[in-house]
Amino acid sequence: MGITHVLFWFLSILAIFGAILVVISKNPVHSVLWLIVVFVAISGHYILLDAQFLAIVNLIVYAGAIMVLFLFVFMLMNLNAETEPQKNRWLKIAGVVTGGSLLLVLVAALKRADLKTQIAQMNKGDIGLIHNLGLSLFQDYVVPFEISSVLFLSAMVGVVVIGKRE
Amino acid sequence: MNAILLSAIWGIVMMFSGIFTKSKTAIRNTAILGLVLLLLANCADMTGMHVSINVHKMLYFDTFGLLGNGIAFASTLLLVLLSGRDMEKVGHNLAEYFALIFFVLCGVAIVTTFNTLLMLFLGIEIISIPLYILTGSDKRNLKSNEAALKYFLMGSFSTGLMLLGIAFLYGASATGTFFIDDLWSAGAVKTNPVFISGLLLLLVSMAFKVSAAPFHFWTPDVYDGAPTVFTSFMATIVKVSIFIGFVRLFDEGFGENQDKWQIFVAIITAATLFIGNVTAVFQQSVKRMLAYSSIAQAGFMLLALLALNSVSKQGMLLYAAAYSVATIGIFAVLIRMKDYTFEGFNGLARQQPVLAATVTIFLLSLAGIPLTGGFFAKYYMLAAVVSSGHYLWLVIFAVLCAAVSVYYYFRVIQAMYFKEGDGTTEAEPSAGFKGLLVVLAAVVLVLGIWPQTLLGFLSKLPYTW
Amino acid sequence: MNIQLVWLVPVLPLIGFLINGLFRNSLSKSLTGIIGSGTILLSFVVSLLIFGQVRQPGFEPVVVTFFDFISVGKLSIPFAFQVDQLSVLFLLIITGVGFLIHLYSTSYMHEEEAPHFARYFSYLNLFVFSMLLLVLGANFIILFIGWEGVGLCSYLLIGYWFKNLEYGNAAKKAFIMNRIGDLGFLIAVFLMINQFGSVTFSEVFSHAHSAKVGTLTAITLLLFVGATGKSAQIPLYTWLPDAMAGPTPVSALIHAATMVTAGIYMIARSHVLYDLTPVTQGVVAVIGLLTALLAATIALKQDDIKKVLAYSTVSQLGYMFLGLGVGAYTGAVFHVMTHAFFKALLFLGAGSVIHAMGGEQDMKKMGGLKKFMPVTSLTMLIGCIAIAGIPPFSGFFSKDEILAAAYAKNPVYYAVGLFTALLTAFYMFRLFAMTFSGQFRGTHDQEHHLHESPSAITIPLVVLAILAVFAGFLGIPEALAPNAHILGKFLSPVLAGETAAAPELSHGTEIGLMVLAAVLALAVSVGAWFRFKSKPDLAEPTGFGKVLANKWYVDELYNAIIVKPLDLLAQFLVFFEKNIIDGIVNGVGRLVQYGSRQLRLLQSGQVGGYVLLMVVGIIVLFLVELFVKK
Amino acid sequence: MPINYYIFLSVALFCIGVAGVLTRRNAIIIFMCVELMLNAVNLLLVAFSKMHFHALAATNPNAGIDGQLFVFFIMVVAAAEVSVGLAIIVMMYRNTHSIDVNFLNRLKH
Amino acid sequence: MVPVLLILVPLVTGLVGFLIKNERNAKVWALLSSLATLIVSLWGLTLAKTSPMLHANVEWLPDLGSRFAVGLDGLSTILSLLTAVSFPLIFIATWREQYKKAWNFYALMLLSQAGLIGVFVATDALLFYFFWELALIPVYFLSSQWGGERRIAATFKFFVYTFVGSLLMLVGIIWLYWHTPDHSFSMQSFYALHSKIAAKDQTWIFWLLFIAFAIKMPIWPLHTWQPDAYEQSPTATTMVLSAIMVKMGLFGVMRWLVPVISVGSWQWGDTVSFCCMIGMIYASLVALKQDDLKRLIAYSSIAHVGLMCLAIFATTSSGMQGVMIQMFSHGINILGMWIVVALIERQFGTRKISELGGLAQKAPGLAILLVIVALANIALPLTNAFVGELLLYSGIFSSTATQYNVVYTVVAGLSIILGAVYTLNMIQRVFYGNTNALTAKGVDIKMNEKLALVAIVALILVFGVYPKPMLDLTKETAEMILTKMNYKL
C-alpha cells in the first residue's frame, strides 16, 4: 500500500464525490466549483499516470478557461441563486435509476473481461512528456492537428454568426 | 485529399467573401464555383490525380468513399442551385452560412475517407458543430433556437458516448492504436467484453448521427425547427455521408466479427423502420413528415449495414444518390410553398403543373416505385440482406413498412392532384428553377432505369493510392 | 337425298332466326310469318327426304362430322351429327309439329306489332334450331348445346311479354330449374370424360360394358337429374306449370310437344347405359310414376285451362319415364310421338279457345263453347279421347305399351299407372265439359265476341287431330296383330336390347290388361263428362281439394326450404363482407393510424425525455449483449 | 494499478454525468455534466495508454502515446464545443430569458 | 421485335398524348394508337411460333443479371391480344364520355396499356416486376382523378393493397434470384430452379408470390378492394381493371409461380383451391344482394376468376388450356357488360338496379346485345365462355392433384346456377317490366357503343362456335407449364 495507492484512492473518491455534488448541488455556481474540484482530481490522476502534459493542459484549459467561461455565463444571466425550478420528482428518480442501471450494465459487461494481468503502469515511462507528445503530434498526427484547425474555424464562424446582433 | 483541402480552403474563401462583397448573388456564385471545383477535385481524386501528402495512414481513400464524396458534393451543388436564393431569406450572414457548409463538406470528406477513429471523431465533430449553428441560424425564430439547443445538447451527449466507445476499443486493441483495421485482433479474446462494449457505444453514437431509433428523437424537432434549406442539407448530404462513414467503419473495423453485432443492427433497424414509418403517418406538416420519412429511409439504409457485402455497399451509394436527389427536390419545392401543411399542397397540380409532376416523381422514388431510383435503392438493400441469407423476417418487415410509407407519400400526391384547393408557391418560380427540377426528375428516372450509370464507377474506376 | 346434307335441317331454322332477328324492324308481319314457317317447312321436307333414306332396310347410323369443336389433350369433341332412326323420328316430330305451330302462330300472334312479331318468330326458329341440334348431336356435348339452347329459348319465349314481371319470374324459374338439372348433366359428362375419355355416343356405349357399375349408376343418375330438369319431373317440375305464362303456341310446341321430351330422348338415346344399371332404372320408373300421379292429382282441381294441360303434360311425361324405367324405350318414344300430337292439339285448341275468349283462361268463365266454335271443340274432344287412352285413338296404344311393360316389371307400377290414367281421363273430360258444354259463364261482351278461329288456326288443329287419331296404329302390340308394330321395327336397330330388360307377357294377360284399361278409361271419361257438363264445380275447393288446388303447396315448400335460407345466407354474407373481411382490411389501416397517434407522444419535446429514452435504448442493447446467446 | 480500477472509476464518473444530464433542467448544468462525461473518458484513455505502454514498451518505446494524443484532441474539440454551446445557450437566453430545457417544447409530436 | 413494338407503341404514343392539349384530337390519337397496337399483335399472330420476331433480348442490367427479355408464347400472345383488342373497344365504347383534361386521361390509359402488355410479354422476372408496378401507377392516377365521389379512398385502398402484395412478391423474386445457379432473372433460370429449392423454403416462397397474385386476381378473402375500386373508377378504367388487370394475377400464377415453385404449389394447391371454391360461392351469393350494377359485375368477376385459379391448381391440360381461353373470353365478356353499364349510367345517371326498369322497351337493341353478353357471362353453349368453363370444370373434375376434385367441381358448379340467378335478376329488373319516370326518357344504343358491342358479340360467337384457333394457340404453353408443374422433389 504505497503512497501512490493512497493517492489513487483519495483522488478517486474525491473525483466521484465532486461529480456527485456537481449533479446534486442546487446552486449552479457551486456545481461549477465542484466540477473544478473533479477536474483537479483527474489531473492528479494524470500525474499519477505520469501524463504531466495532459495534467497541466487539463488544469489550464478545463479548470481554467472553460470553467471560467461557464462562470461568466452564469454571472451574465445572474443565475447564481437556486433559480432552477425543480424537475418533477418522478423524472428525477427515473433519471437516477436509468443512470444507475447504465452503470450496472456497463460494469456487468466489463466484469467478464479478465484484465487482472493488465496493469496501468505508474511512475515509469516518459510518453507523457511534452517532448515525446510534441514529436509524434507533429509527425504522425499532423493531419488531424491541421484538420482540427478547421474545427476551430467553423466554431469561430459559428459563434460570430450566432453572436452578431442584427 | 484534394477534396478535404479544397473544401477547407474554400470555406475560408467564403468566410472572407462576405467582407469583400455585399452582393448576395456574387457570394452565391462563388459558392457554386467552389462546389464545382470541389466536384472536379473529387473526380481528380477518383482518377488518382491528387496532391500527395503523407497522411500517416490517418486517411484511406477508396472508390466507395470518394464516390460517396462525389454524391455529397453533387447533391450540395444541386441544393445550392435550387435553394440558394432561399438561404438569403434565413439571415444576413450568407457568406458565413456558405463557409459553414463548406466546413461541413470538409467533415464529410473526412468521414467518408477516415482510417482511424480519431479522424472519424474529428470528422463527425466538424460536421456537427457547424450544423448546430446552421440549425440556429434563424435567430429571431424561437423554433430555430430551440432546435439548435436541443441538437447541441443531445449531440454533445452522443459525442460523449462515442468517446467512451472509442476509449473501450482503444483499451481492447492489442496494438494500442486507433487504426480501424487493427482494432480487433483475434488474439485479444480476453478483452472481448471491452471490445464489444466499445463497439456498442460506437454503434449507438453513429446511430444517433444517422437518426436511427431509438436515438432519433432529435431528428423531427431539429429538422422541423431548422430553416428549411438547412433541413434539406442535413436530411440528405450530411445523413448519407455519415452513413457511408458508418458502413465504412463497420466494414473495415468490425467486418470479420459481423456475427457479434448483427443482432444489434437488426434491432435498431426494425425499430427505426417501425417508428419512422408509423409516426410519419399522422403528421400534419409536410416538413415534419419528411423528417420522419428521413428516419424511415435511414431504417432502409441500415439494411446495408446489416448485410455488409458488396451488394450492400453498391446499394448504399445508389440509395445515397437517389434519396438525396429526391429529397432535395421535394424540399426545394416545399421551401417555396406558402403553407407547409398537407392542405397547403391542395390543388398544386393546377397552379404549378411542373412542380407537381416533379414532386410526384420524387415522392414515387422515395416510396420505391419502379422506374425511379428509389426502387433500385430499395431493391439493393433487400437484395443485400436476402443474399446474406439471414434476417429474412427483417426484410419482410421492411417491405411492409415500405407499404406504410406509401400512405404518407401519396397523401401529398393526392393533395396536389385530386384535392380541390389553391395551394401554391409564394412567388411564381423561375423557369430556371423549374428546369432544374425537371433535370433532377430526369436524374431520378435515369437512376431508376440504368442504375449502372452510377454504380458502373465502382467497378470501372482503376483506384490507386 | 344425301345424308351429308343433314346440316340443312337445323341450319334452315337458324337462317330464319337470323333474318327475322336482324331485320325485325323492317320486315312486314306476313313476310316474317312466311320466313318463320317456311324455313321450318323446308327443314321438314329435308327431314322427310332423310327419313326416306333411313327407312331403307339395313340402314346403318351415319355420323356426319363437320369440324373439331374442342380438342384438348386426348379428349376430342367433334362438331358432329348422328343420323339414325331415333333422331330422324324426332326430326319429323319436331319439324312437323313445329311447322304446324308456326303456322298457327302467324294467326294467333297477329295482334303483336311487327318487331315483336318478328322477335317471336325468331325465338321460335331459334328454338327449333336448338332442338334439332339436340336430337342430331352425335355426342353429349353437342346434345348439351341444344339442351341448353332450348332452355334459353323457352326462357325467352316464356318471358316474351317482358313488360309483365310475373311472366319474367316464370321465365327465370324455368331457366334456373333447368340449370340445376344441367349441372347434373354436366357432371355426368365429366364423369364420362374421365371414364371413357370421350363423349361420343358410339364410343361411350361401346365401352360401357367395361365400366364399373357404380360409375355407370352415377353417370346415369346424374343424366337423369338433367332429365328431371328438362322434362319437369319431381323434384324439378314446378317450372312447367308456371311456364304457361308464355304464348299458347309456345306452350304447345315447347312445353308439350318437343322440349320437355328432350329428357326422354336423351335417356332413350343412352339406353345402353341404363340397361346396365337396374338401380337407376328403378329410380327413373318410381320418379316417373310419382310425378305422373302427383301431377294428375293436381290437375284435378285446376281451373286455368292451360294449367290443367300443363299438369297433364307433367303427368304424361311421368308416364314416359315410367316406360323408360321399365325398359320400354320404344313405348316411351312412341308415347312421346302420340303425346306430341294430341297434347299439341289440346294446347292449340285451348289457345283457340283463349283467343276467342279474348285472353280468358279460367274455365269457370267458359262453358257452352261448343256451339260457337265447332271445329275447335271437335278436335279438342278427339284430343281428350286420345289422351284418356280410349281405343282406337293413339293415346291408348302408346300408354298401353308402357303399362304392359310396367306390369311385366312390377304389377304395382301397373296399378298406379292405371289409376293415373283414369285420373287423366277424369280431369281431361272435366276440362272438356267445363269448357265446351253447359251454359256460357263469361261476361256479356265476351259472349258477343265468341267466334270460331281463322283457318290458320283450325287447319293445324285438324291435321293434328287426324294424327292423334291414327298415329296409334304405328304401334299395334304383338298381342293384337303379330309384327304390326311398325315403329318398334323401325326403331329396333337403335333401341335394341330392351326386350332383354322387359320379360315378355303372355298375350292373354296383355289383352286382358288392355281391355281392363280401355273399359275403365271409357267409364271414367263418360262419368266425368256427365258429372261436369250439367253442373261444373265452381265452388271454392275445400279440404283435400284445396290442397290439390294449391298443388300440394310444393312451391311454398321449396320457397321455405331453399329460396328463403339462401336469401338469408346471402344477406348474412353481405354483412360479413362489409364488417368482417373488409372490416379487418380497413382495421389494419386504422390500427396504423392509431399507432401513429400514440407513437407521436414519444416525441414529447423534452430533451430530458429524449435522453432518457436513448439511455434506455443503450441499456436494452447491453442487456441483449449480456443475455441473448448469439 | 490494475486497469479495471480505472475502468470502473471512469465508468462511474461517466454514469454520474449521464445521471446529471437526465436529472437537471438547467441547460448549462446539463452541458457541464457532458463535460464531466468527457473527462471520465479522458481519464480512461490515459489509463489505457499506460496499459498499452506497459504491454508493449519492450517493442515500441512510444507505445500507448496515441491515447494521450487522443485526449489532447478531445480537449481541443471540447473547447470548440463549449464556445459554440455557450453561444447557443446565450442566444436562447436572449430570446426567452430562460435556460430551462423544459421550456423547450414548441417542437413536439 | 413484335413484343417490343407492342410495348413501345402505346408507351410512346402515350407520352406524346400528354402534349395534345385538345380533347378530340387526344381521343382520336388514343384510338389510332390502340388500333396500331392491335395491328401489331395481329401481325404477331400471323408469324410462325418459332419466328425470331416473337422474341427480343437485349442487355439491360448486366451486374444484376437482368436483361430486357420479352417474348410471345401461347399464354402471353393470348393475353397481349386481349389487351390489344380491349383498348380500341374501350375507346370506341366510351367515345362520348366527357373528361376534363381529357388528354391526360387518354395518355394515362395508353401508358397503362403499355404496362399491361409489358407484364404479359416479359420473360425476365425483374422486368416483369417493373411492368407489374408500372401498369398500376397510371391506373391509380386515372381512378383517383376521374373517379366517383369516394374515389380517393377507394383507389388508395386498392393501391396499397396491391402494393403490399407486389413488395412481398419482390422479396420472393429476389430470393429466387439468389438461388438461381447463374444469378439471373431470366425465365429459363427460374424454371431451372425447382430442383434447388428446399421443401421448407418452397412453402413461404410460394406464399410470398401467391399473395401478390391472389390480391390482384382477387381470391377470397383478399378481394375487398375490388368492388370499391370498380365502383369508384371511371368506367373506362374499370374496364381495364376487370377485363385485363385481373388477368395479371392469373398470368403471374401460370408464368412465375406454379412452374417455378412446383412443389410448393402441389403442397398448397388444396388450400388455394379451397379459398377459390369458397370465394366463388361467396361472391355469387353476395352478388345476389347487390343493387349497384358495377358492384354486381365486380362480384361475378370474382367468382369467375376463382374458377380459373381453381383450374390452374387442378394441373390438368384441359384445365390449363381452359384458363387461358377463359381469360380471353372473360375479358371480352365483362368488357361488354361494362359497356352496357357505362351506357346506362351516362343515360340515367344511376347504376342502381332498383331505380331502373323497362329499358327493353326504350332500348331494344341494347337489351338484345346485353342479353347475349350476359348469357356469355353465364357460359351458355355456343358462347366463348362455354368452351372455357367446360374445359375448366372438366379439368378440375379430372384433376389428380387433389382428392377433393369432385367436391370442388360440385360446389363450384353451384355458382353456375347462382350465376344464372343474379344475371337473370339483373336483366329482368333493368330491362323488363314497365318503364318508370327515370327510364321513360331512355333512348336506344348509339352507333359507337353498338359498334363495340357488336364486335364483342361477334368475338363471343365466333370463339363459341369455333374455338379451335385458341386451343391450338395455347396447347404447347399449357403442356410446358404442366411438365414444369409435374416435377416432383
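Going by the order they are written in, the chains are A, B, C, D and E; count residues from 1 in each one.
The working rule: contacts are C-beta pairs under 8 Å (C-beta built on N, C-alpha and C of every residue); 3 or more make two chains touch, one makes a residue touch a chain.
Everything numeric in this text was worked out from a predicted model, so none of it was measured.
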Inset, instruction - Work out which chains are contact partners of both chain B and chain E. - result: C
Legend entry - Highest-count interface - the chain pair sharing the most C-beta contacts: A-D
Legend entry - Chain whose averaged C-alpha position falls nearest the assembly-wide average: E
Inset, instruction - Return the distance between the CA-based centres of chain B and chain D, expressed in whole Å. - result: 26
Legend entry - Centre-to-centre distance between chain C and chain A (centres being mean Cα positions), rounded to whole Å: 103
Legend entry - Centroid distance [mean C-alpha coordinates] between chain C and chain B, Å: 78
Legend entry - Distance from the mean Cα position of chain E to that of chain C, given in whole angstrom: 37
Legend entry - chain C, residues touching no fewer than two other chains: 600, 603, 605, 607-609, 611-612, 615-616, 618, 622, 625
Inset, instruction - Spell out, as numbers or ranges, the residues of chain E touching 2 or more other chains. - result: 160
Inset, instruction - Return the residues of chain B touching two or more other chains; collapse runs of consecutive numbers into ranges. - result: 118, 122, 125, 129, 132-133, 136, 139-140, 150, 153, 157, 194, 196-197, 220-221, 407
Legend entry - Every chain pair in contact, whichever chains are involved: A-B, A-C, A-D, B-C, B-D, B-E, C-D, C-E
Legend entry - For the chain E and chain C complex, residues of the former touching the latter: 157, 160-161, 221, 224-225, 282, 285-286, 288-289, 316-318, 321-322, 358, 360-361, 364, 375, 380-382, 386-387, 390-391, 393-394, 397-398, 409-410, 413-414, 416-417, 420-421, 424-425, 428, 431-434, 466-468, 471, 475
Inset, instruction - Spell out the residues on chain A that touch chain B in their complex, using ranges where they run on. - result: 106, 109-115, 118, 139-144, 147-148, 150-151, 153-155, 157-158, 160-162, 164, 166
Legend entry - Interface residues, chain C side, partner chain B - complex: 592-593, 595-597, 599-600, 602-603, 605, 607, 609-611, 613-614, 616-618, 620-622, 624-625, 628, 630
Legend entry - Touching residues on chain B, where the partner in the complex is chain C: 150, 153-154, 157-158, 161, 196-197, 200-201, 203-204, 208, 213-215, 217-218, 220-221, 259-260, 263-264, 267, 275, 278-282, 404, 407
Inset, instruction - Would you tell me which residues of chain C are touching chain D in their complex? - result: 600-601, 603-608, 611-612, 615
